[in-house]
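What follows is a pair of complexes built around subunit A, which joins subunit B in one and subunit C in the other.
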Partner chain A sequence: MHVSRRGFFKVCAAGMTGSSLATMGFAPTAVLAEVRQYKLAHATETRSICPYCSVSCGTLVYSMGDKSRNAKARIFHIEGDPDNPVNRGSLCPKGAGLLDMVHSPLRLTHPEVREPGSNQWKRISWDEAFDRIARHMKADRDANFVDKNDAGLTVNRWTTTGFLASSAASNEPSYLSIKVMRALGVVAIDTQARI
Partner chain B sequence: MNPASSATPGSALNPGLEPPAVIAPPADLFADRAARFERLAAGHASGDWLAFLARLTRVQHELLQQHPAVPLPDAATLEQASRHAMPPLPANGWPRDPVWRRHLATLADRLIPAAPESLRPQLAGLASAPAEELERLAAAVLRTEYDPREAARLPFVAAALQVYWTWMAAQPAFAGLARLDVPGVCPCCGSLPVASVIQAGQYAGTRYLHCSLCNTEWNLVRVQCSACGKDDKVSYRVLEEDVAEGGTQRELVRAEVCDDCHSYLKVVYRDKDAAADPVADDLATLALDILVDEAGYMRSGPNPLFIPGDAAA
Partner chain C sequence: MTNHWVDIKNADLVLIMGGNAAEAHICGFKWVQEAKHVRRAKLVVVDPRFTRSAAVADFYAPIRAGTDIAFLAGVINYLLENDKLQHEYVNAYTNAAFLIDPDYGFEDGLFTGYNAEKRSYDKATWRYQMGEDGFAKVDPTLQDPNCVFQLMKKHFARYDADAVSNITGTPKDAFLKVCEMIAECSAPDRVMTILYALGWTQHSVGSQNIRTMAMIQLLLGNMGMPGGGINALRGHANVQGVTDMCPFTANLPGYLSAPTERDATAEAYVAARTTKPLRPGQMNFYGNFPKWWVSLMKTWYGDAATAENGWAYDWLPKPDGSYDVLAMFERMHQGRMNGFFCQGFNPLASVAHKGKVSAALAKLKYLVVMDPLATDTSEFWKNYGEYNDVDPRQIQTEVFRLPAELFAEHEGSFTNSGRVIQWHWKAADGPGETRGDLEIIAQLYTRLRDLYAKEGGALPDPVLNLTWPYRQPTRPSADEVAREVSGRALRDLTDAAGNVVVKAGDQLAGFAQLRDDGSTASGNWIYCGSYSQAGNLTARRDNSDPSGLGQTLNWGFAWPANRRIIYNRASCDPSGKPWDPKRALLRWTGTAWGGNDVPDMRPNAAPEEGVGPFIMNAEGVARLFAPGMIEGPFPEHYEPFETPLARNPLHPDKPEVTSNPAARVYKGDMELFGKADEFPYVATTYRLAEHFHFWTKTSVINAVLQPEHFVEISEELAAEKGIGKGDVVKVRSNRGEIKAVAVVTKRIPVLQVDGRKVHTVGIPLHYGFKGETKPGYITNTLTPFVGDANSQTPEYKAFLVDIEKA
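Take a look at the complex of A and B:
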């Protein structure tokens, strides 16, 4: 535990009768009686990024409920993050309506696939989705990888697949995106933030 | 045209405009606080106490308006403080001008008629106490060593010191102070914050810590513990009756608790009610302190207008 140099201050029920409120001549009983009408509720404020466009404004997401006690946290307010240098607290009308997207009954919450030749979306698991993507990528890379150019120089290029990095990513995920894609040989790399 | 000059005065949003690191105390601070105390006192469980503090704050306002010029740090001291990122008017160390004892005498005299019967002899005693005793009490207040046996007198000593330090902090010599390396203490006087304030107006939504002594405010990003600086175990506690009444609204006062250092400090949301005041709204929500204390958190900043009693007594 990190203890402040000057220690902490304890404002508690047991200390009310000896507090300045009481010794100055006012009755602490009303405050103590009032306390018993209340319960403590848990709330959180969480930083996030607006998912809509490439500007990637910072947001603050307000929720109620204690996640550790089986009560489902309920998001009730989203506003621009005043500390984010991208938007300094402002949001466009679409971003300002984010709360409706969070609670929308039409919101997509799981992966779906539309098989070739089908006109139906089919729900699949996250594992299946990742497997399918990896399988498609490997098949394409195996078929089209260029290890040497016409002059016989080693180039290790994979030119048939491109990568569009997220505009919501901070420095570290962006660094990782580039490292992973370059390692695979991808040369067509761009970011949504440029658009 | 740069963004600063094109911004509409008072407009809520200024994308790209960085909020100032430090905000000096405004001239009408105590008048606004007194009005807030008065409003909170109406219908409140401890309304008579809050109404008395409104009168005290009203006298603080008058004292600040008529404050005489007192010595300030010289240029060399200011430069040294700035170079070493130290507060230029340290609560512990700055040689206090005797003017604060005159403030205390005025406060005591003016408040005697409004005070409860049992408090009047104490106030009369403060007005005539020897300087050494008052300086001893002042040193205790400034070191935040609150002796419960002195609980009835310390709030008045603190109120007088607040007037003196607030006047100094508002002088042009301290305009544009930089933030210190440590976020948890005042960049002007080195005191602990009484509460966080979420700003309204031009820098709406930004968080400032409000000094418990000189009323300077300094910027700290939201959702970060002001006592230990960590941000991954920060959450908020609110009184549930508030939640039942307006469950889709943010409450005016929340306790920002940190499960890393097990401390808390209240946050006053001025963006929800611009009249909200970190000192007055703090003392109107002692129920929140008591419940958060029972949940196992210790308060990290003092409000010297309220001296807690001894918990073991």
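Take a look at the complex of A and C:
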């Protein structure tokens, strides 16, 4: 006997349970198919924005896991956000491939250093990376900081280390980067917005 | 964008020039289609390539890369000659009537005050005549020979249709057809929008390309109108926001002009930037500069910034020159830099003249790359055969690579091209040990701060006194920083009667509440109010649109002041009635401005007060004559630095004005410009629908869609050079060569220019030696190291190459 999925639910709604139907040797194909549940129904939906072009399309990011402390969420689907007034649910060929960027084989997963003259990367800890970079910065700043120019004017600038800011960063890290760089006296600051 | 994405649907004519929205801004382009289908708007595309935007256009006109000013100046001349102006708008809302110094002049391609040795202008004569009352003099009849209107007429008279066609290669009839379509929009109830992108900015005359268009929009009365404006379709999803934060040497957050060596004291610095109205009764918004700047300094230095110490003015670095990206790599190339940070930036691929960039990086002591993905830059020292032929043993740079989170792995805000700030939430942790940009910066800062506290060193004060009020000092939250950017009251703020209007510690409602006495803090005045006492307004998700115009005022927050269309006062006539009642943004209600947008005007400024709509200008009106520009107050056509003509057809006997006479060119780079006899073809770089910059080459599906580097040439050039479809070709400029697959199409027009035939080679830029795509050369191996005179954006869009079968 063949019963369609919809028909099966109608039968259930009429008062019988699926399991009792099954014990009666009544196993519709829809019951078997039901083993594979609709993934999105159990996903956590997070509102985000495509990071590519400046249309900044709204996206819905679907991840497995409920964001509880010990559940490691994994993103498995990204689509356009139908509520967003600009893209109204659509994504372009770039944005439609976002999932592959999130899981790109070229994602960096740990800090590393390439020593002078070396031909390879060496994995290091975050602590070592931060400490070594901070040391470099301090050494360069202390050696090359200019407090006054030739005319005696206070200029307090550090010209020998530069910072290129990302246009893909969110506003908050972008602002914080500028705040720190200006406080250090860095004047060589620019961004992708220039090019 | 002065307007925004959805507003494109309100246009009657859409001009796409200097961009290719159908492929580069695909989901924004749907609003062009909406305008076409619903409003019966027309689409005109002017481009060196027959792009997919052109494929759905009502009219397409080809143009030689790098000649947009000639084309647009021709449009201005057409409008003036045929009296296709929105007269009332031009008279009331532009500086057409202003009188200019009689000593100002223009001759043989140069404006008055040129210094050939310095390649720069003394702008002393580019100024208004001032009356005894302290205001600029005007002639409302527009008859005075020194008024802007008359000077403009004279300047553009040279750009007749024949001259334009001769320079641009656009057939004369096609040019005139575009002129006619644009001219129809001089009617007060017909509006044109312009969508442009890097095809206008990436030229040695980039800023003037855009300015010429801005003049057209003013002459047509389209600025401030729904469906109008000047609309830069920008790069990344947050390029607008990052620009607003101003990671630039010359600006502090919110476009505040940063101090230089010319500003000896805080008083002098502030005074030089606090403008005075140039006409009676104008808003002169830059008169508020001290409020914005003091609020920034209080945000950064808190109690350590006092009126007595000039709000810690000494702690702001004063640069000794330019430090834009080209200048930085020039300094690095000269061995004058030791350290360099690349935050989500791939300069080896994206900056001009890869050979120079690579040699410069090799001179660094340390390079820090913070990125979610393995970039070409992070491995500039590694040998990738012909694609990156370097010897690692010779490169002594210590390179750190720090794994950062992607967009979906942290929360924060992005600002779209239409200035709408939108919050995004975190969906998952990044892979492995990735960390967020906020934490990376905070870790570096707090460690440096500890080192300076313990060991001392060069000027520790600004490092030690920087405010750092975050609950977890090494992990500031995006929410905390967003509050800081928006701003709060440091003391109770009282009104004139002594009533408390904002309590100490409360978030501010907007920049109108900022003060210059140290009682307010705001990290970026134009974002002030985006996080008010009502909460984080950038996270608002009410997409209702009662206006029907697509304004959605409760979706996110648009800077400034949640205004969706800037200069919107100009959408009404001087008496306060909308130019087009069917598309009404605002109107004067008798007591206040009201309508479908936040008024860009003092809310109670009655029309009879005559307050001009361009409130950021001290004149109150827009500038057809703009002395702020580096290479002239009016736009002039100059050839790209690598020109196929070897002369400027407008000034054939004046080699000094062949190319932009005020553009900065470094020693060594001038010599590297190629000449047409060796490199006869015009090259222009471009983007594909399937790729985004150098980013999507790391994404498998995009690599499958467009797997391999190619160059696009016409059938005629292919036949001439014996190149077949699919052949591997070698493309050479005077700075290097690349190999790619030849795509032979009908999409690249062959043009007749100045009595000769000009071929174009189109080169997509998305490839490199790191990626899921096939390994390829970096396109910017070819491009010249020269930028726009105003912005220093490199000239990627017009240079010379030769091409042959490899």
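The rule is short, and it goes like this: the second predicted complex is superposed on the first by the 107 of 195 C-alpha atoms of A that agree within 3 Å, B and C clash if a C-alpha of one lies under 4 Å from a C-alpha of the other, contacts with A are read in each partner's own complex, and residues count from 1 in each chain.
Here is the rule we use: a residue touches a chain if its C-beta (ideal position, glycine included) is under 8 Å from a C-beta of that chain, and two chains touch if they have at least 3 such contacts.
What you see is a predicted model; the values in this text were computed from it and never measured.
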Subunit B versus subunit C as contact partner of A:Thr46, first or second or both or neither: both
Touching partner for A:Arg157 - first (subunit B), second (subunit C), both, neither: second
Partner chain(s) touched by A:His77 [first = subunit B, second = subunit C, both, neither]: first
Greater residue coverage of subunit A in the superposed arrangement, subunit B or subunit C: C
Contacts of A:Val102 with subunit B and subunit C, given as first, second, both or neither: second
Partner chain in contact with A:Tyr38 - subunit B first, subunit C second, else both or neither: first
Contacts of A:Asn87 with subunit B and subunit C, given as first, second, both or neither: both
Partner chain in contact with A:Val113 - subunit B first, subunit C second, else both or neither: second
Intersection of subunit A interface sets (partners subunit B, subunit C): 44, 46-47, 62, 80, 83, 85, 87-88, 90
Complex interface listing, subunit A residues touching subunit C: 44, 46-58, 61-63, 65, 72-75, 78, 80, 83-88, 90-98, 100-102, 104-119, 121, 126, 129-138, 140-142, 144-147, 149, 151, 153-195
Subunit A contact footprint on subunit B (complex, rising order): 13-19, 45-46, 48-49, 52, 115-119, 143-144, 146, 148, 151-152, 154-155, 184, 192, 203-207, 221-223, 227-228, 234-243, 247-248, 250, 254, 260-263, 286-295, 298-302, 305-313
In the complex with subunit B, residue positions of subunit A that touch it: 1-4, 6-28, 30-35, 37-47, 60, 62, 64, 76-77, 79-83, 85, 87-90
